[in-house]
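Think of it as A, B and C in the order they're written, each chain with its own count starting at 1.
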Amino acid sequence: MTSTGQAAGSVRRLAGALHRRPRLRLSLLLGAPLLWLVVAYLGSLAVLFLSALWTTDSFTSEVVKVWSAENFSALVSEPLYRQVALRSIGVALAVTALCAVIAFPVAFYTARVAHPRRRPLLVVAILTPLWASYLVKVYAWRLILSAQGPLDWVLAPFGVSGPGYGRAATVIVLTYLWLPYMILPVHAGLERLPESLLDASADLGARSWRTFRSVVLPMVLPSVAAGSVFTFSLSLGDYITVQIVGGKTQLIGNLVYSNVTLNLPLAAALGTVPVVVIVLYLLAVRRSGASSSL
Amino acid sequence: MRVNPTLRAAAACMALLAAAACGSSDSTGSSGSPGAGGFHPPHLAARSTLGKPEGQVNLIAWAGYVEDGSDDPGADWVTDFEKRTGCDVHARTAATSDEMVSLMKTGDYDAVSASGDASLRLIASGDAAPVNTRLVPHYKDVFPGLKNRAWNSVEGVAYGIPHGRGANLLMYNTRKVRPAPDSWSAVFDDASRYKGRVTAYDSPIYIADAALYLSATEPGLHIKDPYALDQKQFDAAVGLLKKQNADIGEYWSDYLKEISAFKTGDSVVGTAWQVIANLAKSEGADVRAVLPKEGATGWSDTWMLSARAKHPTCAYKWFDWIISPKVNAEVAEYFGEAPSNARACDESADKNLCAVFHAADEPYWRKVHYWTTPIEQCLDGRTGVRCVPYAKWVQAWNEIKG
Amino acid sequence: MRLSRPARIALRTAAAVGFAVIYLPLLVVVLNSFNRDRGSGWPPPGLTLRWWTAAWRNTGAREALWTSVAAGTAATAVALALGTLIAFAVQRHAFFGREALSFAVVLPLALPGIVTGIALNSAFRTVLEPLGVGLGLFTVVIGHATFCVVVVFNNVVARLRRTPGSLEEAAMDLGAHTFRVFADITFPLVRSALVAGGLLAFALSFDEIVVTTFTAGPGVRTLPLWIFDNMARPRQAPVVNVVAAVLVLLSVLPIYLAERLSSDTASGSRI
């Protein structure tokens, strides 16, 4: 009895001390996460990007720790890298746009049209494909897009054929893979829209389309921006999908991957490209006010 | 990221030493046999005796080389090994030679089944140690054509145990590609006839295939060895591949991808391994694989020992096990390649194994130029010029793909 | 929202098409698991249950599944702890660098997996190797936890934003101490957000391949690595399809339960 009493007392004292010292409380809250995130993660990133300033021995691919801006100047001067970087950004933007266009009606249905009792089930239906392995899905698409495959089979009566393997196939498959990441935030954003606002718009005489354009769209845009962070950044860094369905297409991820083992400094320099693009994109999205839904 | 400064300095010195070791040797080593390679690896001695098995061995291997029945109950040559030697096998499959090199550099692994485009790199960087073949009793039965070659030895010192080999053949769809091709021109000069349906192996080492073709068609370039290309020869090969790129449908790197492409007709002509041709055919694809008149590139895999192996005895036991006739036949049959042990031919379940894969067909293998890491010192013995090293091949390969 | 009849029909159709696009490829996976051919071909020449029996007997897949479950559970646990701590700090305290922190926390998920992977790989090697510690399962857990933190953080922060601090203040006014308030008031409020975040974190870890490739030690094979290995072997591809089909079927249950548990969250972006 006494010992538990004492324990309870010391817990109370500790709680009191914590309550009186918000700084202490804060540092206890932040200590472990900061150590992990800032020291371990950002530290590793920083070292990696510093190593971009090194070079490698051309035969043994050992890193030679002599400072030089060689890799970064190659990044700028080599037309190949510029071309691939632009292509990758183009693919990522196309995927994001396609995801947004497809996600909107689906999310609108699941969040506002479907019977409220069925909504949780629909959310499950959106989440489920995330559990099917990424690789398996991509190989399934490889089959779907193959010559005389299911897509050609469906399209044949219309006298057209599928795009075959290549850049278009890459965009299609990446859109498929990341679509749930767009539908979910848009669904959440639409769910949050107060009914009264929509009613007010209708009372003021706005038709469905007008309400959609002037009320729904502006209010859901931050959610789309939040979803786009995922679709954009996941597409920009991908290198496996493009290997499987991209035909001979190369994206920035492939260049990084092909250099990782032999020329880590160059791979690190190439890696800065998507990192810079994504950080800029994130900053732009935050600025647009999506930070609250991100 | 605090790193012990002495350690860091030591690491830098090691790197510089390795660079110096292979950069300052043009006068001495280059005139010998092609196997001499023209560089001196770091001095490491092979073991003369084996200790007690350490109870574990960590391997890096191609998919299908180290099977314990867990993925395919029909393929299991690890369990018996573990029972006999007490060495638990931990295997990591690697998808590319480059991945093998980087995994070896971690020091976590004892041995690797390296192809020729990785082996010299591992030797030069000091990641692979010499192997005392006397400690591997079954080595005596290995085909002589695989012993002490440019990719598995330096200056007569063996750096590994040959595992098996295969050629990069020309495979084509017998209905779409007519007349039946017997030359690599099908994928180079005539590739435009199959625009968007040509396939090629997705690796910088594929540049050697173009060089091999040029050695036959452009005698003015004087290409003797497709892995020893001076700048002019290299540029010609790269130019040929850039032209080919317009007709390529996709590059392949794993066999599933290529089999499916040939089955669906997405690819109709390109390089392939014998096993791919066999599997595609068994699934009803109309394909045939041939060794073209110019010869072909090929691969010969070698089990190499890490210089930092923590379980060397178990690694040696593994080497002997994997080339013992029965196991060597099993693995060759499963993976689809020619076994390295001559006696394996009598042990295979499929009595045609050695015939199908040309295991003992030396004239066949004489037309095959095995993957070797290109280095600055020309491997064909030329001394007046510098050859283009592999790192440049990698860059060029990225450029070819665009 | 009052929608016109045509608008309703259009939305319904669009949603139906959307769901069809999401599910048809999965159907192809399931169909392929019965395909008589080894390599995939269309249309399947015949159906067989062979691959299902082969998958059932496949111990490699089962081991890989447990490795994945272990890695996912550990990574989720770490992510839950760290993500919640950061969420509380950011939402209930004002401090220098708060904005920067809530930005930095998103980075591990937003930056390409390959960059995160090689950064962690070289860090592990420089820091752990001198200590004689190699890569193993725990390095995979560290890698996964790093990018899982953000999904927990997002869920908890969204919940805290909607939960006024006044409830906690009221409890304190009534004499409850900090820990008491947490156990009786705060935790029940964020519990469902934790479930939703934890589940998504687990799912992310479960299907991660790139960071795993760079952080797994010898003998450590998660399910995606197993799939990658086996996809490269023509003999095994159909077995992989079976495993994938099973995973999809099995995953419905936990997701549905979690959705029920957290259906009261105005789903502040579950991602």
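Convention: contacts are C-beta pairs under 8 Å (C-beta built on N, C-alpha and C of every residue); 3 or more make two chains touch, one makes a residue touch a chain.
Per UniProt, the chains are A, C = Spermidine/putrescine ABC transporter permease; B = Spermidine/putrescine ABC transporter substrate-binding protein.
All values reported here derive from a predicted model rather than from experimental measurement.
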item	value
Pair of chains ranked first by number of touching C-beta pairs	A-C
Remotest chain, chain A as reference, centres from CA atoms	B
Centre-to-centre distance between chain C and chain A (centres being mean Cα positions), rounded to whole Å	13
Centre distance in Å when chain B and chain C are each reduced to the mean of their C-alpha atoms	38
Junction residues of chain B, two or more chains touched	1, 256, 260, 264
Sites on chain C at which at least two other chains make contact	40-42, 123, 126, 228, 231, 237
Residues of chain A engaged with two or more neighbouring chains	43-44, 47, 139, 142-143, 146, 148-149, 260
Touching residues (chain side chain B, partner chain A) in the complex	1, 8, 11-12, 14-16, 18-19, 22, 39, 96, 98-99, 101-102, 121, 124-126, 196, 202, 245, 248-251, 253, 256-257, 260-261, 264-266, 373, 375-376, 389-392, 394, 397-399, 401-402
Chain B-touching residues of chain C, taken from the complex the two chains share	37-42, 45, 54, 57-61, 63, 123, 125-127, 129-130, 134-135, 216-219, 226, 228-237, 239
Touching residues on chain B, where the partner in the complex is chain C	1, 3-4, 7, 58-59, 63-64, 68-73, 90-93, 95, 106-109, 254-256, 259-260, 263-264, 279-280, 283-284
In the complex, chain A residues that touch chain B	43-44, 46-47, 56-65, 80, 83-84, 139, 142-143, 146-149, 164-165, 243-244, 246-248, 250, 255, 258-263
Touch list for chain C against partner chain A, complex	1-4, 7-8, 10-12, 14-15, 18-19, 21-23, 25-26, 28-29, 32, 40-43, 81-82, 85-86, 88-89, 93, 95, 101-116, 118-120, 122-123, 126, 142, 145-146, 149, 154, 158, 161, 172, 177-180, 203, 206-207, 209-210, 223-224, 227-228, 231, 237, 240-241, 243-244, 247-248, 250-252, 255-256, 259-260, 263, 266-271
